[in-house]
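Report on one structure; see the data block that follows.
By written order: A, B, C, D and E. Residues from 1 in each chain.
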Amino acid sequence: MPDFYDDDARLTRPRIVALALSAALVALLSLIILTAPGDLERLNLVARERLTESGVANPVTAVLLNFRGYDTLLEVAVLLLAVIGIWSMARYARVWIKVPDTPVLAAFVRLVLPLMVLVSGYLLWLGADAPGGAFQGGAVLGGMGILWIAAAVWLPDFQFQRFARVMLVLGLIAFVGASTLLLALEGSFMEYPAGEAKNWILVIESAAMISIGMTLMMLFVGGIPRLNEGTV
Amino acid sequence: MTWENSLPLLIVLTSLVPGVVIFFLKESTVGVRTTLNMFGAVAKLVLIAVMINGLLNETTYETRLPFLPGIDFVLRADTLSILFCILSAVLWLVTTIYAIGYLEHSPNRSRFFGFFSLCVSSTMGIALAGNLMTFLIFYELLTICTYPLVVHKGDEKALRGGRTYLIYTLVGGGALLLAVIWMYAIAGPIEFRDGGAIDAIVEGARGPLTVIYFLFIAAFGVKSAIVPLHGWLPRAMVAPAPVSALLHAVAVVKAGAFGIVRVTYDLFGIDVANDLGVLTPLMIATSLTIIVGSVLAIFQDDIKKRLAYSTVSQVSYIALGVALFGPLGSIGGIMHLVHQGVMKITLFFGAGSFDETLGVTKISQMDGIGRRMPLTMAAFTVGALGMIGVPPTAGFITKWFLGTGAIEANSHWVIGVLILSSLLNAGYFLPILYRAWFKPQKGDWPSEHDFGGRFETFWMLLLPPVVTGVFSILLGLFANLPVGLLYWVRLIVLREYEL
Amino acid sequence: MNLILTVDVILVVIMLVTAWLALTARDLQRAVILFIALGLLVSLAWVRLQAPDVAMAEAAVGAGLTGALLISTLNSMRELQKKKTSEVTPPADASPTPQEANHA
Amino acid sequence: MNDSAALYAVAGVILFGMGIYALVAYPHLLRKILGMNVMGIGVFAVFVALAYRGPDQPPDPVPHALVITGIVVAVCATGLGLTLATRLKALTGVAQLTPDQED
Amino acid sequence: MPQDLAFWLPVVIAVPLMAAVLAFLLPRAAFPISLGAALITSGLVCWAALAAVNAGPATHTVGGWSAPLGIDLVLDGLSGLLLVLTAIIGLAITVYAHGYFQPGDDLVKQHQYNFFWPLWMFLWASLNALFLSADVFNLYVTLELLGFSAVALTALAGKPTVLKAAMRYLMVSLSGSLFYLMGVVFLYAQFGTLDIRLLSAASAETPTLLASAALITTGLIMKSALFPLHFWLPPAHANAAAPVSALLSALVVKGSLYIVLRLWLEVFYPLADTVAPQVLSVLGVGAVLWGSLQAMQQPRLKLLIAYSTVAQLGYMFLLMPILLKNRDDSTALAATMSFVFAHAVAKAAAFLSAGSILHALKDDRLTALSGLMKKMPVTTAAFAMAGISLIALPPSAGFLAKYQMLQSALTNGYWGLVFVVIGGGLLAAVYIMRVLGPAFKKVEPYGAESTSKAVHVPLVMSIPTLALALLAIVISFMGVYLLELLAVGTPWVLKGGL
């Protein structure tokens, strides 16, 4: 009955069976993965060989935004879809946060926020050449939003969702729009013109970062930004 | 598409299209519905007449559409299919008139006539099917379309009857499907052909072919009610009388019997079938059915039930004729396809009219009915005498050829079966005739219905049995005319035996 | 070389133990906190495997954000539980707010 | 595969197995969601381990990119799952998949 | 604009994807946007299929980076057939849903209506992306897109039962995806590439391939609800809103099924001699029997149809041993794909009919359905046609498919399967007749409660339902064309490829 404090931790018979089966699976898969020969060089080398053509110096960003940019496009779609799914399920925000007694946290958050915006922008810029990029930057942006809410500095209201909608779709629209434009121009979906890849990538990434940030924040809100009465 | 290519399809469509249109008509639009039905029926007859003429001039009528790689959807006219076509078309016309009269003022008529037309279309498809696949499609379509007719009354009993009907026919359909696929698997994409599509039995195929043949017989046996697969037939008697008439004379039961004829002659070929040794078991099964059906009929008091068991017995004459290896037996069997239809439909029309006019449903209520409804009863009498095989009715011709066929095939015991069956037929029909004509009326009729007018009943209920009754005699009297039935059936048999 | 491998072994063992504790802890709050710890350990492992991009993503998204989601969910569930024990009715879902009426 | 990579790959497989166990063995939805996340971490760990070629060679960037994608999918899935779980808790009073009653 | 077929492949994905975004951004215009996207996508897909029949398979290299580095979109017979199927059913459901979710002034319904469109467009985009993808990791992403949109659509109905069903569905979907992803990792470990054609070219029977096949197949049959992993399907499909049920049963489960077929035909083909195909076939038999028996006992129409899906999914795995015995002989694949097509059309029609019935009678218990023929003739007729196809009586799409299945089983000597297929048809007849039998019951003309409850079904609902039902019949005469499309460049390895 005490629903979220504990599950019954006893090792009942079904659990022992489940444990044994999982263990067997683990043993089998471990043995097999160790025998895998790893003819892995092929793709690795190809990716590195053609890094220069990709417009960015960070190979991971090259894969994410150029070679396999289509994956990332669908990825951005997944993010948007997750928010739409959550909004469709929950007509009210989930957040149940008490306003903190001390203003210290709030003050701290106010201080940190501008810094985080800067950091996220920097991460994005950095992503072209070093570890970082839209996802990492977006995560920082999202973290900022969450901190903002968690510190009860600000709580999203219903008016906010109109703004949020636009921010949420920005990344996907930029991605699909740019790709389609490139399809018309270059004859291939998402084929960046030679030498201009970096600019295209940066534009797409910026839009994607904003959307990612907003998405992560909305995942936290857990419903259409509109608070249940008396929940805060 | 040329005329020759589209004619078989058109014959199917002349009832299919009106049927589909009728579904969308309002209950009250009797005029349009009747016009559509009649137009379809007459158009169909005209097209068939054109086709007969063409066939006599050796024209080929064939509609061929791709179905699956290697298998086409084929509708083709040949002598045998024409025979079944014309039987169905004529009886459809008659039955439609009867049904209009019978169902006047009852609910769901659009639905009824819609399915009725679809039913006839399926029968036409079965008749014209040029290969197993096409046959199978229409055979199952027939099952689907008859179900709503069987349960038309919509009460518990009707639903139960319908369920039984479906269980039997669907299981039969499963057997047919298996047989068809197996056949295709070992023989390739064969089509029906005069004299049989299988030229010779390949070594090793004898066993499977025998099994397939019996699968076919079992599948068709369900619809043609071969004992012990006849259980659905009496229970399906809950359907309205025109449906029973159609079921017994043209559509379902006859489709089964036609299937046996088709498969034996045009798929296996009578020689191959004989070579496989499958004809004797078929002969035994049908003989048994003839006897058992007749015996069971004697114990029924319900008129329609007695007629139903009579059907069980009579339809097996067709298969018996097939099983008798030799042209004479074949002639008897194929002729009975027509004869049984015409005679049995007369009987059902009569039974339906008794019910609708006087509320009489049981034989024990029929005392003196001959005086109240002389014309209907006269038609009924002709049908009954035909079933017994009294000359000069059509039934006599059948039994004559079957008897001579039995001698030809050296199966003399079949003559015994025929005689016994005729005695039994007499045993369950003559008492009815006696009651109707010679016994005085007992009290009031159960629920008499006054249709007004000058006749003993509504004219639409009277005309059809009288017409089919007259046919039953004419078919007997003029069997041997140059374009008569016998002539045509001889043509069929000559081709099948490749004589 | 051996030293690195030793570090690896220690890291892996801690990871696995943390994971097991996270999955079996009786208190869900504790489980969630352990899960966040697992996320951080994993990102450490990925730094070690020369995957700094992945490590950043894991630390920020896998540990940080997922952790925040889990904790906030746990909190809302607690609130719901309290509400349930104090009053029987579930939160009003059917009655729309005036804002929504305007929107529709 | 070098030793370190093998070690982390096996660890990944073990995490995968642990996740499955938690998913099937515990009724609480939050725990199930945790289980799925651990499963995911396991898969990612194997993938990242495969990309590692020892200290002297640069790693294969493709799995890294794919794992980042996977991490983002996982957080989305977690978000969806947690929302559903909260809704269930609100409507039924328990965050578990109790058998349905005919409603 | 280029007339090249390959050029248009990404557009088939981008159009519904953009429609989803716009429908979310502009809820008030959601329906016109979605309908427009549906029309464009369907038209484009049908044109593409015709073009592929004439010109052969097409490959689009996304980003200009061909495999192994980039991701290719490939249109061939197998994917083309499923794209066309999705287009047909998608169009019908788009129209139907507009009627079904018609909100009036109910705010909860308005909410459902608003969110149905973006979710449905996402689903469509993800299906198209899935069918076109030639990359195993990209397939994972499309699978997740598909799973998320399907779960959210399921949950849209909002009742506790449906939320539970959605939750269960989400768990299965996610863990299935993770199994799949682990399999992908194993593939990468062995072959160092993610492109299906390169994988199949390199593929050889190794322990890693076996493990990968086991992981991937397990994950996917979870998502496809193959017996005994079907437990989540009936509650989800039965409790979701009717258009959603239709989508789930007709299309969503086919997504993962498609990947199973594709991978086994291409990448895992070296494992064809192992026991795996037999196992799948046996599970299929189990599904046919168990699903049918369950369908016979369900008290509600939608549950019955949902269990029928469990049974029918079994058929799609029955022929695996024959399919993989020799992939040059395409009859088993043709039979399976015909079945997929037939089932999707008939099942969508059945669920849409059930939706209309629920809409009109507010009740889908079988006991409430007597006399349905009189009350809702068009809907009943549609259900009957769908039922005929599910039973596989001729002439229907189901018959066309089962005929080919039987032929394939018989010519290969699998007699057991012959009896399963025929027996399964009879079992289907039993459960379909549980609905259609009482439908012909006479209803009392006046005063009876059941009659007075019947209301008019709007044309936007009855027309798509009837159209799908008629299609379930008409397809039986289009078998040759379906097979012609299917034959386009399948499997990739054999006919061209890179």
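Just so it is clear, a contact is a pair of C-beta atoms (placed from the backbone, for glycine too) under 8 Å apart; a residue touches a chain by one contact, two chains touch by 3 or more.
All values reported here derive from a predicted model rather than from experimental measurement.
Enquirer: What is the set of chains touching both chain A and chain D?
Expert: Where chain A and chain D share a partner, that partner set is C, E.
Enquirer: If you average the CA coordinates per chain, which chain's centre is most distant from that of chain D?
Expert: Of all the other chains, the one whose centre lies farthest from chain D is B.
Enquirer: From the centre of chain E, which chain's CA centre is farthest?
Expert: B
Enquirer: Relative to the centroid of every protein C-alpha atom displayed, which chain's own C-alpha centroid is closest?
Expert: If one averages C-alpha positions chain by chain, the most central is E.
Enquirer: Where are there more C-beta contacts: A-C or C-D?
Expert: C-D
Enquirer: Just how far, in Å, is the C-alpha centre of chain E from the one of chain A?
Expert: Spacing between the chain centres: roughly 30 Å.
Enquirer: Measuring centre to centre with CA averages, how many angstrom lie between chain C and chain E?
Expert: From the centre of chain C to the centre of chain E is 35 Å.
Enquirer: Could you state the distance in Å from the CA-based centre of chain B to that of chain D?
Expert: 68
Enquirer: By residue number and range, which residues of chain A touch two or more other chains?
Expert: Only 3-4, 7, 29, 33, 36, 38, 40, 43-44, 47, 60, 68, 71, 75, 78, 81-82, 85, 89, 91, 94, 135, 216, 219-220, 222 qualify.
Enquirer: If you look at chain C, which of its residues touch at least two other chains?
Expert: Touching at least two other chains: 24, 28, 53-54, 57, 61, 65, 69, 73-74, 76-77, 81, 91, 93, 100.
Enquirer: Identify all positions of chain B at which a residue touches two or more other chains, and write them in rising order.
Expert: Residues of chain B never touch two or more of the other chains.
Enquirer: Using the touch definition from the top, list the residues of chain E that touch chain A in their complex.
Expert: My answer: residues 2, 7, 10-11, 14, 17-18, 20-21, 24-25, 60-65, 68-71, 73, 111-112, 115, 118-119, 122, 125-126, 129, 137-138, 141-142, 144-145, 148-149, 151-152, 155-156, 163, 166, 182, 186, 188-194, 202, 207-208, 210-211, 215.
Enquirer: Could you pull out which chain B residues touch chain E in their complex?
Expert: 23, 65-69, 73, 107-108, 111, 133, 136-137, 140-141, 143-144, 148, 151-155, 158-159, 162-163, 166, 170-171, 173-174, 177-178, 181-182, 184-185
Enquirer: Write out the stretch or stretches of chain D touching chain E in their complex.
Expert: Per the touch definition, chain D meets chain E at residues 16, 19-20, 23, 29, 32, 36, 39-40, 42-43, 46-47, 50, 62-63, 66, 69-70, 73, 76-77, 80-81, 84-85, 87-88, 91-92, 97-98, 100, 102-103.
Enquirer: Can you list the residues on chain E that touch chain B in the complex?
Expert: 371, 373-374, 377, 381, 388, 391, 393-395, 399-400, 403-404, 406-407, 410-411, 418, 422-423, 425-426, 429, 433, 437-438, 440-443, 445, 476-477, 479-480, 483
Enquirer: Which of the residues in chain C come into contact with chain A in the complex?
Expert: Interface residues on the chain C side: 24, 26-28, 52-57, 60-61, 64-65, 68-69, 72-79, 81, 91-93, 97, 99-100, 103.
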